[in-house]
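Two complexes come next, and they have one chain in common, subunit A, joined by subunit B in the first and subunit C in the second.
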Partner chain A sequence: MKARRKQEGRWAWRLTGFVTLCVYIFMFAPIVATVILSFNASMFGGFPMTGFSLQWYGKLMANEQVLTAFRTSLWIAVVTAAVTTAIGVVTAFALVRFEFPGKQALSTLVILPALVPETILGVGLLVLIKAIDQPRTMLLLVLGHILLAVPYVVLITQARMVGIRRVYEEAALSLGASRFSSFREITLPLLIPAVVGGALLAFTISFDNTSASLFWRPAGVETMPTQILSMLKISISPEINALGTVMILVTVGIPLLGGLVLQSLTRLKRRGEPKEEAR
Partner chain B sequence: MRRRWTLYDPRLAWLLVAPVLLLLIFFLVLPIAVMAAYTFFTFVTAGVETSALTTANWHEFLTDSYYSGFLLKTLRVGAITAVLCGVLGYFPAYFIWATTFKHKWLLLLLLIVPFWISFTIRTFSWINILGEQGVINVSLMKLGIISEPLPMLYNEGAVILGMLHFLLPYMILNVYVSLESIDRTLIAAARSMGCTSAQAFREVTLPLSLPGLAAGLLLCFVLAAGSYVTPQLLGSGRDALFGNLIYDTIMGELNWPMGATLSIVLFIVLGFFAAAYTRYMGMSQIVKGLGG
Partner chain C sequence: MPDSHDFSGVPRPAAAGVARSGVGGSAQGGAETSQPAVEFRDIDIAYGKFVAVRDFSLSIRKGSFVTLLGPSGCGKTTILRSIAGLVDISGGQIMIDGQRVDDVPIYRRNIGLVFQSYALFPHKNVFDNVAFGLKYRNVPKPEIARKVAQALEMVRLPGSEKKLPSQLSGGQQQRIALARAIVFEPQVLLLDEPLSALDANMREEMRVEIKKIQKQTGITAIFVTHDQEEALSMSDRIVVMNAGAVEQIGTPQEVYEAPATAFVADFLGKANMLAGTVRRSGQGTAVLLATGQTINVASPKPLADGCKVTVVVRPQKLSVGAAASANRLPGRVVSASYLGGSAIYEIDIGGKASIRANAPISGRLLREGEAIDLGFDAEGCVLLDEDGQRIS
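Up next, the complex of A and B:
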């Protein structure tokens, strides 16, 4: 009897493992197919493979529209990441350290942009600027992206902030440091992982944003995702697969690289410091 | 007479949160408020409306079954997607939590990687799998199982599949976070009292992981019901969801009052589900699930 039960447990576990494997395959198969197809020599964006070729990457590099959209998206994402990180980190600092009226309401309000569908946010902002008779500008688009990224930066920083004991800052203050320098010298360095993580996430959220950008972009401006969308309306050419592969390299490569740099930095620092007590 | 600034002064807090607060007011609260007012404006012709107040938009929405049909379809597709996500997402979450595999971090990293890959790219990449020249059709034809490519794209199934693809990581992470917070000694205790592993799962692990599952279901439902890109890329015209309807009403027909009305409807309906959820579960689980 007991043996049979054990047997059942093992089968349940195997089933779990099997479904897990299937889910991972499900998540990555299309991406892998896209990357493989980008090297296809065939004229059509599909299987079978007819040979290895880099011609679609060459075509891509010569496509002025794509390059412009790429540059536009890149600088919007960089500005979004920088500004969102700055204002998000101080907000998280205030939300964790301070007690003030309306704090609870603000912490709820701040995660709303992540929960409200982008279509609604998109229409809302458009209706507002139509009501006050303003044109759609790049500034509007960037500020919109910042709004979409703020919840994530605040949440990541908050989670890290909770783990930093306030006695460190208070010690610095009691030793005569100013508010600002105690934040800069004590709190900020301890927050670095959250700051880097938040900035990277803000970058990808902006670089990736499609639905809201469709509403907010000024006339004639294409960001990378909207450019892809308009290319897809025409046909699925191998060029799009190449473009997808480049985008994957950028958006996956940057965070991975950032993570590696961060890790080696902390390791280097550790080496310089006196040994921590053995765990 | 000015009060001296104290440590953790509320005034300093307001100063620190001011930029984010202003952004939220001008780009989130105010737009939704103005949009709500716009629902009562009069539509004249494409791109033109007057501020003469009318309930015509609401009347049209409430009486024309075209709109309610769209809404019901959107809610149905959102619900199906969320439930499928819950069923398929629980297994990996449980596996990652329970496995003794040394490189667990890799499994978790692989869940986060999709968040970095452009959503548009992840969606259109399904065309390479399901399309006429996609992996499945080409393989089946090579094997001689079918002679004509199967029409797998541009239908509701493809839309749900695409949404499943982008929502699964949210679900898995949500469930994983709540599994991770379970005190493992509880399960050991249940086992030592004579529970089989299946009983221990049913009586201890599953109930304790329900908050994460519920948060994941809500998140997937809201995101699926509000989606625009997936139906656009993987569905045919008939598979358009409410988000597409809003986009077409505003960008295509330039009927701003009606577009505003539809947006407010979606906002209220999804807000109702979110409110019902927070009423029973609280906000904290969603915060955790979003990366907090």
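Up next, the complex of A and C:
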């Protein structure tokens, strides 16, 4: 009886393992295929492989259009990350620490851009720009990206902020630190994991964005994703696989790297902290 | 361990505009000793419509240890936070060393605050935690190092400068928090239930420690707790509070021996309350209890016949068994809890509630169901009038 149950258990585990494997294959096969095919020597971007080659990367490096698009995407993402993080931290601080009229409305409004379909947002901003008769500029594109990323950064920072107990700030104030000093010396350092995490996420959101960028970019300006799209219109060249691999490297690698740096930075073991008794 | 602490030369935050206290708290001039360290004048504190504290007045002498004692929600923590500036008062005045502080922001009031949850900055080591207050008072670096070392010595954790709070036990964290709060020699030390997060053994030890350090430094301390034992053992004076108002202010002995109200009698030491009617007044007042027995009590003033009173008797004032006393009430043991040297008996004398007696064990422990005599002296009790106020 016992042996049989053990047998059943083993099969259940095998099945679970199998399903998990299938899901992972489904999720990662396209990515793996892209990376592998970027090293294919063949002219045609598909299997079977005819040999190993770095020629597509070489071509990419020589493609001025691609390099320009990469630089454009990079600096838009950096600006977006910086501005979004600043906005996010301030907003989360206000939402968690202060009571003010319209707080509920603000907290909903801030999250809203994440809920509205991106295409709608894209069209909406475009219509607005047309209505007030303004040209599409880089500024508009950056502002749009900030709009898209702010909700996520606020959510991340807010979650962390809730966990930072107010007594730390009260202690700092009682010791003579001004409100600003106590924020800078106590709250912000404790908030750093969320700040870095939010910045990386904002960077990725901006760097990856395709559909909204298609609406907002000024004439003649390409970001990496829109560049790939326009290249696809001509042909499925293996160069795109190489470009895709670079994109994967940037969007996966940067957050990973950030996470590692963060882990080594914040070795704040929190044990033995008492729960505060409700007053 | 140094006996006196030289905290002189610590610049106070300028805008507080407080007189410098010279060397050590105890070295004050005679003229200044009359001025209270902290004074509340008719404080009201309200959160929206909820009034947390009403008409609170209190004056605290320099160098004394005053405890605000009461059940949770009685407003004691709110008052403490109002001195710190963490809570705004809606009426009245708060003075620290004769200066109004109502409009002074928290970081300019020169107060030391110790929290229930320690609130040590988790990302700063012990040195940076303790030095925090000194840094904001522009104390020169070598001076900071000296004072921090001195403060750590005082809380008996020397050499722990490099440790992070997470590497310390609860008791150690609270010591560091105490060091952080006193190192810049604040005018008042506020302690918000600093012991309640600690386990029982550590609590006793810290009780003694805090009291010792307070005496040593001569700092004025205001301590908030709901634990009567802490209040009785540590305080120079106790302020018993209930529902936002003061019930009684007095020394531990006064508050315990002569409770001013029924609430104080019940909250401190769970006194027995016997309802009755005055039968004869004169030298020795006879009270007919609701349970039918007549007892003799000492009243500070003659009482009218038929006057309704409550007789308050402490469990420790009751003798159980054959000992001769002015009053004896027959009863039956409902339960007995053995405490080693003494025992607590619940005794049924026919009333709604049973009587608690804390009696030393002579011979053997009484058994449940045993019929015994309960005795107490006429002087061993306090009389309360119909409104629950002490008759005096």
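As a working rule, the second predicted complex is superposed on the first by the 249 of 279 C-alpha atoms of A that agree within 3 Å, B and C clash if a C-alpha of one lies under 4 Å from a C-alpha of the other, contacts with A are read in each partner's own complex, and residues count from 1 in each chain.
We take it that contacts are C-beta pairs under 8 Å (C-beta built on N, C-alpha and C of every residue); 3 or more make two chains touch, one makes a residue touch a chain.
A quick note: this is a predicted structure, and the numbers were derived from the prediction, not measured.
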Partner chain in contact with A:Gly244 - subunit B first, subunit C second, else both or neither: first
Touched partner set for A:Arg165, first subunit B, second subunit C, both or neither: second
Superposition-derived comparison: subunit B or subunit C, residues of subunit A touched: B
Touched partner set for A:Ile186, first subunit B, second subunit C, both or neither: second
Partner chain in contact with A:Leu173 - subunit B first, subunit C second, else both or neither: both
Touching both subunit C and subunit B, counted on subunit A across the two superposed complexes: 170, 173, 179
Subunit B residues touching subunit A - in the complex, by the definition given at the top: 7-10, 12-14, 16-17, 19-21, 23-24, 27-32, 34-35, 38, 88-89, 91-92, 94-96, 98, 110, 113-122, 124-129, 131-135, 138, 142, 165, 168-169, 172, 196-198, 219, 222-223, 225-229, 232-233, 243, 246-247, 250-251, 256, 259-260, 263, 266-267, 270, 274, 283, 286-287, 290-292
Footprint of subunit B on subunit A - complex, ascending: 5, 8-9, 12-13, 15-17, 19-20, 23-24, 26-31, 33-34, 37, 44-48, 87-88, 90-91, 93-95, 97-101, 103, 106, 108-121, 123-128, 130-131, 143-144, 146-147, 150-152, 154-156, 158-159, 170, 173, 179, 201, 204, 207-208, 210-211, 214-215, 224-225, 228-229, 232, 236, 240-241, 244, 247-248, 251-252, 255
Subunit A-facing residues of subunit C, complex: 13, 72-73, 77, 84-86, 105-109, 111-113, 115-123, 132-133, 136-137, 164, 166-170, 173, 180-181, 184, 193, 196-197
Partner subunit C, residues of subunit A touching it in the complex: 165, 167-168, 170-179, 181-182, 186, 189-190, 268-277, 279
